[in-house]
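Heads up, the next two complexes both have subunit A, just with different partners, subunit B and then subunit C.
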Partner chain A sequence: MIPFRIRLERRLERHWWQTAATPLLSILAALAAGAIFLLIEGFNPLTVYRELFEASFTSRYGITDSLTIAVPLILTGLAAAVAFRMNLFNIGAEGQLYLGAIFGSWAGLAIAADLPTILGVAAVLIAGAVGGALWAAPAAVFKAYFGTSEIITTLMLTFIALFLMRYLIFGSKSYWRDPEVTNFPQGKKIPPTARFELWSDTRLHWGLVAAIGIALLVWAIIRFTSLGFDMNVVGSSQNAARYAGIPVRRTVIVALLMSGALGGLAGATEVAGRAYALDPNGLELGLGFTGIVVAALARYNPFAIILVATFLGGLRNAGVALQGLPGERVPVEVSLMLQGVILLFAIGGEIFSHYRLSMTRLNTVAAA
Partner chain B sequence: MNDTAIVLTLAAAVAAAVPIALAALGELLSEKSGVLNLGVEGMMLIGAVMAFQVGDASGSLWLALLVGSVAGAVFSSIHAFLSVTLRANQIVSGLALVIFGTGLSTFIGKSIEGKPLATDFTPIRWGPLGDIPLLGPLLFDQDPMVYATIAIAILIAFYLNRTKAGLSVRAVGESPGTADTMGIAVAATRYAHVMAGGFLAGMAGAYLVLGQVPSWSQDGTTAGIGWIALALVVFASWRPLRVLLGAFLFGFARRANFWLQGEEWAPNIPAEFLSMLPYLLTIAVLVVWGSRDLRRRVGAPMALGVPYVRDER
Partner chain C sequence: MSTAVQAGPGAHPGQPAAIAAVSVTKRFPGVLANDAVDFCVWRGEVHTILGENGAGKSTLAAMLCGLYRPDEGHIERNGKVVRLRSPREGLANGIGMVHQHFRLVDRFTVAENVVLGDPNQQRLLKPREIDKRVAEIGDRFGLPIDPRALISNLTVGQRQRVEIVKMLYRGADVLLLDEPTAVLTPPEVEALFTTVRSMTAEGKAIVFISHKLGEVMAVSDRVTVMRAGAVTGEVATTDTSQRHLAELMVGRPVEIGTRRGTSTDNTVALRATGLTVLDGDQTVVDDVSITIRKGEILGIAGVAGNGQRPLARALAGVFKPAHGTVEVGGVDVTGKGPTAARRAGLAFVPEDRLGTGLVPDLSLTDNMLLTRPRGFFVDRRTARAEIAAAIADYEIKTPGTESHARVLSGGNSQKVLIARELAGLGEAGGPQVIIVSSPTRGLDIGAAEFVRSRLHDARERGAAVLIISEDLDEVRSLADRVAVLYRGRIALEGATDQLPLESIGLAMAGVDESASAGLEGAT
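Now for the complex of A and B:
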């Protein structure tokens, strides 16, 4: 018999360093756990970690590529954060991203050609946001009026969006499909006036600035506007909000539409900054789902989202970058696996910022 | 008539329904105990890749199926630990399970990517019963896993609705505080049912790779079935036997393309639209049946997704 009982006790006060230490310790623990898998498969963990780090964070191209992937992650992270902090679980940022790409590339093809670049890009982004918000709208309305679980509706809408996108490129001769490429179906390229400018010779584009600006905007809305106040109250207690005369339904709908618009923006920036077309293969699949994890790791804080997105962007990028490296082969899958381990540890570690372990000695006399 | 396109499609839909039904039955067990596990796709991938490895090395179909199922259960214990013991957000934890499962299975499965597997389930022919028009190929000429799945669904229905243990599970899912007062071990019950769910999801993945797809590939083996299973639980309003029916319907939607493409009369419905059907149906069902007032009648466990903390009740 163990003479101790270990239990979780809620922390009465939280210091800022505890908040910062938890994710860092989680990442360290995750790297240690990942090392076990690597050893089993016969790799030297230190070599793998060094190569991963160098591929993503030390070289100039490494850093810029990591940031390029961070752009959509910041936006899908914000999409999840806006909804999740209100206990509205929009897990469909993935589908809203697809719709953002569909609408964004439509705007790029249809109206951006005759516009100056800044307006052309703006058209793509606005259309993308509208597309994403539209895709969240059914989930928002059903949630507000019928109490339908948004978890399932947004997830279902994601798959419908995926098949819609495939239909537009593979299944039909739609407006989005390039009629000149016949051997393998591809999206039509948007004109240069609809594209973000690149930073010198890298792949990084001005979408990064846009994404950071949007993060600031979201923070300001939550912090300083009456809408943000309403959202906080509804998130804490719908009853309290109702007694205070806050329109709960409207706030729920607005929050979910905002979340969808952010997801749509992620798709639009991918079109304007990287893919330049509606491309079911070229768009990084899974960005929407990863955004949820970004938001959770960042505790739904817009600034922390930027940092976490850059870190996870680096991990994603490392997977791609390692393919091109000479020397000892580090399998691409390592980065994906590590992402998973880090997430799990971070989620598990989260509790220690709210609770602490306490050991109580059991009354051994009574037992004897 | 037993080899007309429609009959062949229906028979194929029965087989296609097996992994969907198994994964959904597993998820149902987990959700009935109050734990939402969005990680079905990840557990299926782990089950599939482990089953392939074992099947490839040993040549034994049933051993491979068992190992795949156990691997799914072990993998799901991560979610149980995070959501029950550490009280993490179940949605985030489930999604992390998918990401980790995808990464880990690709990592483990690197050496077998694209390699064919020689094993296959042989259909059981029930003598002359197999010659009955329509019903013969549908019900009496299928591989053993079809019958196993039907049996599992009936067992789960019996377990949940007719046994004392099943009653405890439902109590834990509806009102863990009350269950705790009654002396039911809430955490243990949740662990057991999350892992039973993982076992069935692992089995679903194993069946896919052993019986349905010719080789292992990370994105091709499960092809989103784990997500369909999540939808199916809601679609079937948390009832095991309805899961069977729904799985057949969803399986048919997945197979109907091949049939419709060959028919003269069929309007030219794009394959993608047919693929959307299960998801659209689920939303419709959810909106019609799943509204707040009806939630209790529909059968969604009231404490689904809510961590249970004894001290802070």
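Now for the complex of A and C:
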């Protein structure tokens, strides 16, 4: 017989530090697990990790580049968080981002030219949000009325969005395609009045402020409004929502549309702040999928999302920098792999913030 | 060799106890579930373990049948120390437990379930012999059962018989029955008691676990009362009374009795006419009409699953009825949703507190907001003041107003729910009609008493109260009028004091005696 029994016990109260400890420990555990792969590949993990940190967070350009990548990640992180905290698994922020880019670049090309910059950028963002919300709408309606799994529908819609975007640029002479460029098809550049201003001589743009503002807005909606309250109730108990007369279907649809709009905003800020055109090559970075990692690590907290997006932005940024290491050419995939391992540990670690391990010694009855 | 077991009033000198727990202690993290408990049953007697939820009676039973092992102390069987490592070893020693939740395979027959997992069963099944033995045991102990019947076609009472037969088939001499009457109708309870008596007549020892005082007095020879993990008394039923047992259970004098309403106001507060509710294509509530006047309590009795849940939900606006109307205070709220019903003055305390009435993962403050009208922004300040007042007024045990509802005990969550639903009682815009499902299920006596007094209080202040409960004693002690629900229809209705218990019992079991007994005029 085993003298000990290990079991999980539910934690009744959670302290804030326990909430914070899980993601931090899962990052550490992921780095440790990643070190094994690096060792197998013949790299010194400590060197790689140090380089990684230095590349992203120590130099002026390193930091600003990390933050530039953080902008769309904040928004896709919010997109995932808004839905996931209600147990609505919108994993299609990627596709909603593409639609946001399509709608946003259309607004930039069609209406922003004659507007002052602030309105031009606003037009791009609003159009992007509308595009993302529209792309989430079928999934939302099918989920609310027929219970169709939103995991499947949002994922499928992502593929449609991907090929739609490629078709608009590579496959057709669409409104978005630049007719002047003949060698390799490209998107038409949006006018300067539709672009975020850059910060000093870096690539960082004012979209960061917009993204942080939107994070605050999302937090305020969830915390202070009746809509946010309804979302909380529907997310944790649909029975209670029905009992209280909260319109469950409407709340599910609104939440998924909001999630889609945030994904669309991510695409619009990429267009207005970095790509300046509907540019499939520059947009197909998996930013929407990474948003899921951001949301999970941030435990769906909008403020934590800003921090986590910056961290993962740095990791991504460093991936490129790592390739340029003198002597040791670490493949860019290392940073992507680390990102995946972090998600795995974050989800696996979740259980420890709700439960604690206890070991009890099994008694051995003394013979009478 | 063994510690002498304290002989009870029914002791049989010179004969060791069929089963005894000697000074057993069992700890769970943060809880002392059993603290040096002594307990013994003789052959041929019924010994009840009586106690409130959490008093430790299930833990003691679990140690007697081998599910748990004591941290300290030991179990004796016929005077010899036994170390039971599993229920299977318990059964090998002739100790069998009938759980509150049956462990039967729905798609198997009675006979198949009886031999399923029986270690003594030969590899080759001889169905005819098994059928014969099952039928024999049934005859012997008054447990009529068809060995070939599928479990899924049996009633709850019949399933319980299968569980008992299963234990007897495997040679159990000591039977532990965990809250066996909770799921039974009164006639089924009587039949069970007859079986219990025929088992003791054959020298079997019965451990009966219950918190229902009336049944305990009726069926047992001796009673061991537990409170907070310790034994507070061991008495022979001939030397005690319900009141005394209740005192031992709660630790202070309790009030047992009934109070009837004195209202003379004839205004109808709740009127449902011809209410029919469908679940898929099944009629779960069938043409039910109810009226409740101000200052009156109507109790709905019935065995679980006879339409109580859908009826309560249809009245509260959560379900849309297929036919019929619901009027609250003269306002037609049929099919207009819970918010409209609430605006008309209806309050609803569902049987499922955590998960329907309260949201487990929201704070108590937010749970107060759940059924309140809300603007664009939520007003937490008012809600927080309200829950803080309720915590003081209702003596709710909670770390604070921002604790999640999940951490509260059953009694405390029911208090939060009642506080929310009864808020504003007697004021303009406050609740006029209160629907309460299973108001005290799972509560300890103190909390149950408190909830009942609040419901009485609501009646005194002019509210119409509808109590839906599977606990017939509760319905009869609280309600001025009783209606029995059977298969979605009202099978019997009348003033509580004019309906004999037998008639209610028969109506619950679906026996129609209204024609012969002429009870219809009792309303």
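We take it that the second predicted complex is superposed on the first by the 352 of 368 C-alpha atoms of A that agree within 3 Å, B and C clash if a C-alpha of one lies under 4 Å from a C-alpha of the other, contacts with A are read in each partner's own complex, and residues count from 1 in each chain.
Throughout what follows, a contact is a pair of C-beta atoms (placed from the backbone, for glycine too) under 8 Å apart; a residue touches a chain by one contact, two chains touch by 3 or more.
What you see is a predicted model, and the numbers here were worked out from it, not measured in a lab.
When the two complexes are overlaid on subunit A, subunit B and subunit C sit side by side with no clash.
The three-chain arrangement built by superposing both structures on chain A places subunit B and subunit C 80° apart around the Cα centre of subunit A, to the nearest 10. The larger set of touched subunit A residues comes from B, when the choice is between subunit B and subunit C. Shared-chain residue A:F224: touches subunit C; no touch with subunit B. Judged by the touch definition given at the top, the superposed model places A:A244 against subunit C, while subunit B stays out of reach. Looking at the shared chain after the overlay, A:A29 reaches neither subunit B nor subunit C.
Residue contacts after overlaying the shared chain place A:L134 against neither subunit B nor subunit C. Residue contacts after overlaying the shared chain place A:G147 against subunit B, while subunit C stays out of touching range. Once the two complexes are overlaid on the shared chain, A:L115 sits clear of subunit B and of subunit C alike. Using the contact criterion defined above for the overlaid structures, shared-chain residue A:A21 touches neither subunit B nor subunit C, since it reaches no partner.
With both structures placed on the common chain, the touch criterion links A:E41 to subunit B but leaves subunit C unconnected. Taken over all C-alpha pairs, subunit B and subunit C come no nearer than 8 Å in the superposed arrangement.
Within subunit A, not a single residue is touched by subunit B in the first complex and by subunit C in the second.
Subunit A contributes residues 8, 10, 37, 41, 89, 91, 138, 142, 146-149, 151-153, 155-157, 159-160, 163-164, 166-167, 170-172, 286, 289-290, 292-293, 296, 331, 333-341, 343-344, 347-348, 350-351 to its touches with subunit B in the complex.
Across the complex, subunit A is touched by residues 36, 38, 78, 81-82, 86-89, 91-93, 95-104, 106-107, 110, 224, 227, 230-231, 234, 270-273, 275-276, 279-280, 282-283, 286-287, 290-293, 295, 300, 311-312 of subunit B. The part of subunit A that touches subunit C in the complex is made up of residues 9, 12-13, 224-226, 228-229, 232-233, 236-237, 239-240, 242-245, 358, 360, 362-363, 365, 368. Chain contact summary for the complex, subunit C toward subunit A: residues 1-2, 29, 69-71, 74, 81, 83, 316-318, 337-340, 342, 348, 350, 352, 355-362, 366, 369-371, 374-378, 399, 403, 406-407.
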